[in-house]
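Several structures are given next for inspection.
You will see subunit A twice below: alongside subunit B first, and alongside subunit C after that.
After this line comes the complex of A and B, so read on.
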């Protein structure tokens, strides 16, 4: 059957033009190539960073023994006579900050998430969530001087034995920084438990708290654990707050009231100072960076494992 | 209003307890904001009856059954007046804890809503929140409840597996088993088969026939044949009012109100 041009409606004419132009086919072929290229760039960048870390770390271990790196109890690279490179004090510094931050942020974050998802009215939620998101958007340098100029003086008024640079103040402030991460992801996990499940528990005579703690919380556990792991891994990698408020004294002592140095703040110290290119100190930041990378990578793997292992399907 | 003769003759127990009311609703009104959803409801629901509530969508039948265990409280902006007494106790009074009411009155929902836990834990949950920790009692109750819901034979080898692995019909029977674990007095069913296939629906209906020996059942249903098959009392709701409440036989064979007749014979709804 043949149709003459006159019989075509405006819509038909446009469709005719579209399919006869051949443009559609070409763009459909090009789009996946462009997208693949973008994906390749990001994968290659990551790969490049990891490879740089590995190669420079290998050079470092040509100069400093790997046994010393893992066993020496001191990190004292700036000694002119006898530098010691034992990673333990820096790892301990990072762990102190991370533990204080988690001890502070996990209970508060989960409480806020439970409140927002199970108790708060729609209006309260509408006001509180954006405020928390603002908290997530504060630059960490601001958190850093908040720790040094506000939290530390308050702590020192309460406990005079605390030094100007210590683990507690930056630990708490790193905790404040990661609260929004924990709240936001946990709240998403809790609210995605379907409403009928809540009704099922309430209709059996469960109180609101029993429903929240014994049904909704376990159901959302995978998301909640993943949010905690993500928060913790942000605390491990946090740099600015600890550089400003924790001091720069690598310390293997197990106390929290005096100056310490984390892996990240050591890297800042070296890169902002004048350690020459090619010196042992210069290569040491790659070894420290690589150690840090192992930590955060294992947290990511842990997060993935958790969300698979505890996955609840509804 | 006499019970259907056949049903009372069958069971002497029913004859003896026939005057005992589980629910006594007087002049109940309910509003969702400005919308007057239930208008002056008066209903007496007797012990060990299967009471069906029928009516077209939006007639208030679901609202009414959710008021009976106060699940309606979860809807924001609901106002009620009038009274509902459960075994002589005002369910809206402060002295009657809503948790106690819901422990005594179980509910089965439109869509199966098992907890994201194992089959076993789904049933143990009710006992655990009410403070029963004895493992033996819990184990026995889990088996008894699953048998009571005609599910035991199908799941006895996998009671520690997730409840979401069950079919829709099995999940709904699990939800019934979950109610039975608390040995309720009344079971409310809000269109329990509307999300199920015909075979699963039939199984639930058979189950209701067994359960009515022990429990008072109030069931909201869209399906008039279902109401006719399983209930001995039927209430017809229309636009938030009770048009007619009588024995199922009367409602379906000889309704007093012409609107009931129109609905039953499929002229609307």
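After this line comes the complex of A and C, so read on.
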């Protein structure tokens, strides 16, 4: 008699399954372990970043006093004899860029978000969403090019006192770069306020602006603040725009029209040059990177805290 | 008495008018901001197109970098970017999807899982230049890869990994539980269900999010600078341990030269870069629209 697979009795089928079960069981047990190790990679990445920064920074502080790092008002590492490592000018440079970027991006970003969520027709929204997505997807090297070859010349035509490398042009362009972040997260927060709340205010006779400013905006405030903080965090960590358009002169002066250096652009300057491995300058990029990491990490944690702590539940 | 009433209602009408005017003014300010944002994008694109388009030619694509702008080309950078992405895409896709499956299907909802999840979202906020420092220390120095395709590819893979993970998690979460239950009901094991039911259903979502992440890796410059990728390269890599250059590095190099001819070359390079990104994004949007309707 010819037995094909189809004609196996149920019992035989079960037996066959048990026979195959050895292999099945093993892979069922091994696969979660393999996947766990994959998940561990991202934890190891964080660990790698933190440990790298800490260890190399410790070596740096073996050569340069930590007091000097925090108190000296000068960042002058390329001197053979009298190198000074005071982080303040680099932090100030970063703050200048971040301040200009926020001053530019926050009002525009919030206006666009309010327009899209409260006023715009479905069609306008359909046109604007891809535009914002494209703006968000433009690589920062392209924004840097735009800052140096377009925004700076335009600004210098308007205000001749502005130098070729300055804080204003890269500041504005960093602002352009973070507008999509602020718009999309704020708009999410605004449109997640339920429709009945909006209808209630309108039915009381409030105009759209009164509804938006006195009801919807306060209700969405946590999300909006979080979006701004995340935008600021991106501005602090932005590298290419400032490297290209802000210059490379660490400056402790409180003006915006001349060349400056940020924490990020210092790292770029050192790594494009030929500071050899093992020199004090080489280790200094880790100390600067660590400072930068602390800044952006605390911003991100703050954003998470705001959106959790002050969320309005509906 | 009647007179007072009339005044009151006239006042109210006056107030209503001013409130409505205010509403209109605010609305037009917001509208102006929206138009302004679109104009920025248009100006940026038009600027780059008019500046770079005359420099686009077959020679530009075929030539290596040169000190003379009229002979300079982008061949090494384009091929180098392809080499780098051939490391980034498999590394980030396998690690990202694996992590997402683990977190969504296997991990218990405990403190460790929450910690891994928080860790991933914080990793997404780390500046790319810091990832460069990680790559420089671990891949370039510790593992001894030097400024090779492999070192750059791994660094970029880690940089985009959080985005791939989150996109994959969302896609996996969107798989209807009925499908999984039906699969278990037919006697499939957990892994069989994941591999033959959950993943096929989630792949369009995973692909859309991952393509967007990979397009970020193509345009990212800072980590490449930090790990020491050279810009003046007159050869093509022959394996992943070779030195190479990438599109954004070449653009950066041309941008930082003072001569206007090199700026025009940079614009031409940017057109190529944006072209690649537009193609990738269109593919992502196409996949999203193709599979969203089911």
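For the reader, a short list of remarks on this structure follows.
Everything below uses one rule, namely that the second predicted complex is superposed on the first by the 279 of 314 C-alpha atoms of A that agree within 3 Å, B and C clash if a C-alpha of one lies under 4 Å from a C-alpha of the other, contacts with A are read in each partner's own complex, and residues count from 1 in each chain.
Please note the rule applied: a contact is a pair of C-beta atoms (placed from the backbone, for glycine too) under 8 Å apart; a residue touches a chain by one contact, two chains touch by 3 or more.
Since the structure is predicted, the reported quantities are computational estimates derived from the model, not experimental observations.
Bringing the complexes onto one copy of subunit A puts subunit B beside subunit C with no clash. Touch criterion met: A:210 reaches subunit B and subunit C at once.
By the document's definition of touching, neither partner reaches A:158: not subunit B, not subunit C.
Of the two partner chains placed around the shared chain by superposition, neither subunit B nor subunit C is touched by A:254.
Looking at the shared chain after the overlay, A:201 reaches subunit B, while subunit C stays out of its contact range. Comparing subunit C and subunit B on the residues of subunit A they touch gives the larger count to C. Contact with neither subunit B nor subunit C is seen for A:67 once the two complexes are overlaid on the shared chain. By the document's definition of touching, of the two partners only subunit C reaches A:52; subunit B does not. Of the two partner chains placed around the shared chain by superposition, subunit C is the only one that A:36 touches, whereas subunit B remains out of contact. Annotation: superposed on chain A, subunit B and subunit C show a minimal Cα-Cα gap of 7 Å. Comparing the two interfaces of subunit A, the one with subunit B and the one with subunit C have residues 207, 210 in common. Only residues 69, 71, 74, 99-103, 106-107, 109, 111, 113-117, 125-126, 128-130, 162, 164, 175, 178-179, 182 of subunit B touch subunit A when the two sit together in their complex. Partner subunit A is touched in their complex by these residues of subunit C: 19-20, 22-23, 26-27, 29-31, 33-34, 36-38, 40-41, 43-44, 47-48, 51, 94-95, 98-99, 101-103, 106-107, 116, 119-123, 125-134, 136-138, 141, 158, 161-162, 165, 189-191, 212, 215-216, 218-222, 225-228, 248, 251-252, 255-256, 263, 266-267, 270, 273-274, 277, 281.
Taken together, the subunit A residues at the contact with subunit B in this complex read 193-194, 196-197, 199-207, 210, 214-215, 218-219, 312-314. The touching residues of subunit A, counted against subunit C in their complex, run 24, 27-28, 31-32, 34-36, 38-39, 41-43, 45-46, 48-49, 52-53, 56, 107-108, 111-112, 114-116, 119-120, 124, 128, 131-135, 137-142, 144-146, 148-150, 176, 179, 183, 207-210, 230, 233, 236-240, 243-244, 264, 267-268, 271-272, 277, 285-286, 289, 292-293, 296-297, 299-301, 304.
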